[in-house]
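Two complexes come next, and they have one chain in common, chain A, joined by chain B in the first and chain C in the second.
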Partner chain A sequence: MTRHRGRGIASVNYPIGMNLGGDPSQALVHSNPSGKFTVALSSIDLGQGMKSVTRQICAETLGVPVEDVYVDTADSDTGPHCMGSFASRGTHRVGNAVMAAAREARGVMMEAAAEELEVNAADLETDGRGNIHVKGAPHRSISTKDVAIAAQFKQGKTISGRGIFLVPLSDVNPETGEMSPATCYAHACLVAEVEVDDETGEVAMIRMDSAYELGRALNPRLVEQQLVGGAWMGVSHALYETPEPYYPDPKHGPRDFVEYLMPGPGDICPHDIAVLERPAPDGPFGAKGPGEMCANPVLPAIANAVFNAVGVRIDDLPITPEKVLRAIKAQGGARPQARR
Partner chain B sequence: MLELRKDIFADERDDNLKEIGKGTQRQDMLGHVTGTSTYFDDHKLQGMLHMKVLRSQHAHARLRRIDTAEAERSQGVRRIIRGADVPRNLNTLLSLINFGKDDEPSLAVDKVRYKGEPIVAIVADSPREAHEAMAKVRVDYEPLPAVFDVEDALKPGAPVVNEVYPKNTFIYHDVYDHQKLRFGDADRALAGADHVLEQRYQMSPIEHAPTETNGSIAAPDTNGRYVVYTSTQALFFSLDTSAKILDVPSNTFHFVGGTVGGGFGGKVDTLTEPLCILGAMLTGRPVRYVLGREEEMQFGSPRGAERIYLKDGVMRDGRIIARKVRAYFDSGAYTRLSSYAVVKCVAHLPGPYTIPNVHGDVYCVFTNRTPATAMRGFGVTAMDFAIECQMDKLAHLVGMDPMEFRILNAYRDGDMKAHRREAKNCALIECVQVAAEKSKWTLREEFRRMSSRKDGGGGRAAIPATPGETRPRPTAPAQQRTAYDRSLAAPLNEPPREPPPPPPSPPQPAAPSHGATRFSSVFGTRRR
Partner chain C sequence: MSKIPLQFRHNGREVAIFVDGGTNLLVALRELIGDMTPKFGCGQGGCGACSVLIDGALHLSCLTLAETVAGRSVETLDGIKQGPQLHPLQRAFMENFAAQCGYCTPGMLMAAKALLDRNPQPSRAEVVEAISGNICRCTGYEPIINAVLAAASGGRASA
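Right, the complex of A and B next:
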């Protein structure tokens, strides 16, 4: 029995938002009388952090601290229309809608502040800590709370904003496939190192190194959780999972988590990630979406690493010990390739 | 461990921001770590009934007779719902964007097309009583030949899975049984290539395996409305689908989503809401319909399996000159969203590389299995697996380092993509370079110096002559840059280079509009 190490790579890109566009999202932003803002969305937070990134986008755009913004989601009576949380569209589409709504609300807020300070609104700026002051004269200042009170009870203004983001729909040419599928693309490259046991056919993950280009990491910690979790979903797809183990024969389908194979805590390995940021011209602060793509490079990188380790190509997923062992036997033993 | 490489593309960003770029703690963290975040299933309502569906035992069968008499008398049963009780018992999810024909009933009527297809729904006082009644429903099946393999399904004489699509393929543009991509002359280029490699790849189906299974709770509200608590990933998508199937105005419903216990694409199909609401309508009581684990794993829609054939032509110096793709998406018995994934896949060809001749034919095929649906990387994950395994083989074939091989072929700013739009904002080369650095993979100096922002466009911006094209194409659109010059204008300030496509013509429904909102038209008028 020998365990062979191998490394494989894959590089990918990924389109952001629904293919061909035509997938609008809306947002409403308003202030209460104490200068605390609510973002109303019908969008769904799947646990990926939609509430948190849209909150940061809203705070940055308004020029207020993030604590002064609360994002309310998932209600069809109070939240305006959103196509849904899929196609890596949350950050890009919903983020843009929130940005537009926050920009409109900021406009009213600055007008109200200008009226209180008796200056031109164009001469004002926010300090991001809850104050609005005259550019170059920080002492001529008013808190966002006092602006909200004045707008509500004295000036009769609503500090609120509406936002929508829509990439216009593209047609598809039936003959050539000519189309405008997406407005921006994220990128990635991943190196997987595996160890293959030539007696059992088992593949163990040793480590992963990766680089992801995401336009802008709006919240690096949320990006990290996506990339780490997504890579494990990729490992699971590559080596373990399927509801039809003998596809296309539909028999022997697993019915629960005892029969449905997935990696356990003992199967994980270190994953070292670099994030690059090349802002998308139409992304909120340049952001694209890390949601879906993070699993994609892992599958082929592992398949390529298995080849590097023992010289067999497994082109049918998942890469089970049975398939690896049969392939090794068929070629008369492991044939380790040049170490990388 | 995550490292931010702020040094790369620094000249394209303003990093002087206050809240953006900070690892701020998530807004819902406290709720999550204290177990107080609300899920749809936390809305246990007074007098709530429970729904279970009886599922087909056969992959393909005619339904001769469904006898529910004994089940009706079973203890605790409040209502048994059959296909005839569903106001519009035929739907396709993407009818909301006018794409595809209604092809799937909420409850099977004459025929079942996959093992596990819902036949009747039972509403009872408890889940146990619903299960007990289910065992008393008598279904007389006439089994039919079934087809499970995508290529078998296309052969003459194959069993017809879904009569709406009698050739077992989705129909594109009302004419083709697949979506085409044509860019240059792949056959001619393959004939002149130094090496040609043709390979077959097979993706496995995948279960989303969410911790929280699909489900919803619907309850009569005041003023004739219904409140619906749901696990959906797409609130209005589910709301509008329910309004269409139940044939009521969309504002009949107040949909409330919750924290979602894992989605990954498996909670877009609106599997439970329409029947759950119908149960509430027919009984006047709150109804809960949640999939069990086995139902979720076998009959909740999975990621479909794709079969992909790639044929590439490569030159000895490592340049790929042609890529020919034939792919089959296994949609299962109904369309759901697979038709859309095919188009997304075609747009993704030939991967993030500049290849002057690309030919693609991608099919959405019907088989007698659980309908497939969206999953993380929809339409792309499988193609990436095939392309990236193929890239490794090609590099091996020409004796090149696989990273350098990718950098050599990577798309760059200004290149023409196979779907005939200019590549912009590229960063594949930089990702490969950084991944090499991180993994201590040695690249030669010339490859370390290459850039997505250099040496693209020019001859690479051309749309090559493509056989069968009726109208002559200029070598590049008028707005095309022919060289990359970063000093021209920062991308953020650039006016849009492409004129926006003409506004879509409004859909012309042949029948009066129902409750569902028409968002837009994708491929012309949807036929009814």
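Right, the complex of A and C next:
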């Protein structure tokens, strides 16, 4: 029995969003008389952090503290339309819509403040701490709360904004078949190191090293968290998870958390991540999105690492001990490849 | 079927409820007492989302008959903070970004608390073992392990 080490590499060029029907998302932003803002979205945060990121985008665009913004994703029946949380599109598409809505709301807020301070709106700026003042004269100031109260009770204005992000539909060139399915791409490269036991066929993760280029990381800790967890979804897809039966028929397939294989805390290996930021021209504050890409390069990198370790090419996921053992047997034993 | 009277301590408070025979502790906590912090994940002891402490020991509330906690002390995530102060483990989870969707978090915190209560300075391997009955479907084990170790090294973990 020998445990063979192997290393594999994979790179990804990942489109952000898609361009079927323009891939639109809408956002609505409005203030309450308390001077706090609500962002209404139908987009779903399922743990990826979209509420946090759209909150930051709205606060930054309005020029108010992030604490003063609340993101409401309560109801897709009554909220503004969103295509959905998929295709790594949330930060880019929804973020752009929120930015547009916040920009419009900011315009109304500045007009309302200008009326209160009896100045031209173009001469006003926000301090990011909840105040609006005359440029160069910070003492000529009014709080966003007082502006909101004045707008609501005196001026009869709603401090609100509408935003949509829609990519022009890309036509296919009939001559070349060429089209532009996405407006920006994120990139990643991942090296996986594994250990393959040639007696049991088990593949154990030893370490991962990766680099991700995903535009500006609007919330670096959330990006890191998504890359850490997402990589393990990739590992899980590569080595463990399948709803398909092993044998002899579907009745023997996994039915629940007890039988369905997933990585546990004991399977985790070190993962070193480098995040490279090259802002996207059409992204909100330059952001693209880590999204699905965090799991994608892991699968081919592991398949390549298994080949590097024992010389067998498994092209059917997941790479189970049984498949590895059968392949090793078929070629008459493990054939470690040159160490890369 | 007649109901069974049941009395136990829930996060330090004496509670008295009536349960049907065969009711599990998770259902009793969530539906009869209204403590929604233990989560229903799989209902068969496979995921750890429903973990609670019974007399200080970690248990899966979905596999525990409610009747068996009569006269005992049940602690859930709802009871680990002290007034407005987060428990050091909660704070460490927050600071280490140890929650993504958050569904496993209550169970993880209870498993971690059970560990730190009996072993305030665990090794990494001991932390891994302590949470090995808990599934994180976002696969964020790394920050969770780091958070438990951070809470332990903060030296204030056990309350």
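The rule we apply is simple: the second predicted complex is superposed on the first by the 317 of 340 C-alpha atoms of A that agree within 3 Å, B and C clash if a C-alpha of one lies under 4 Å from a C-alpha of the other, contacts with A are read in each partner's own complex, and residues count from 1 in each chain.
Assume a residue touches a chain if its C-beta (ideal position, glycine included) is under 8 Å from a C-beta of that chain, and two chains touch if they have at least 3 such contacts.
For clarity, every value in this text was computed on a predicted model and none was experimentally measured.
Within the superposed three-chain model, A:Pro318 lies in touch with chain B and out of touch with chain C [touch as defined at top]. In the superposed model, A:Tyr212 lies in contact with chain B only, and not with chain C.
Contacts of A:Ala188 after superposition: chain B is touched, whereas chain C is not reached.
In the superposition on chain A, A:Ser85 contacts chain B only, with no contact to chain C.
Once chain A of one complex is fitted onto chain A of the other, the partner contacts of A:Asp272 are limited to chain B, with no touch recorded for chain C. When the two complexes are overlaid, the chain among chain B and chain C that reaches more residues of chain A is B. Within the superposed three-chain model, A:Phe257 lies in touch with chain B and with chain C [touch as defined at top]. In the superposed model, A:Ala105 lies in contact with neither chain B nor chain C.
When the two complexes are overlaid on their common chain A, residue A:Ala97 makes contact with neither chain B nor chain C. Of the two partner chains, chain B is the only one touched by A:Pro297; chain C is not.
Within chain A, the residues touching chain B in one complex and chain C in the other are 46-47, 49, 221-222, 224, 230, 233, 256-257, 262, 271. Note for the complex: chain C touches chain A at residues 41-42, 44-47, 97, 100-102, 127-129, 131-132, 134-145. Residues of chain A touching chain C in their complex: 46-49, 221-222, 224-226, 228-233, 235-236, 256-258, 262-266, 268, 271.
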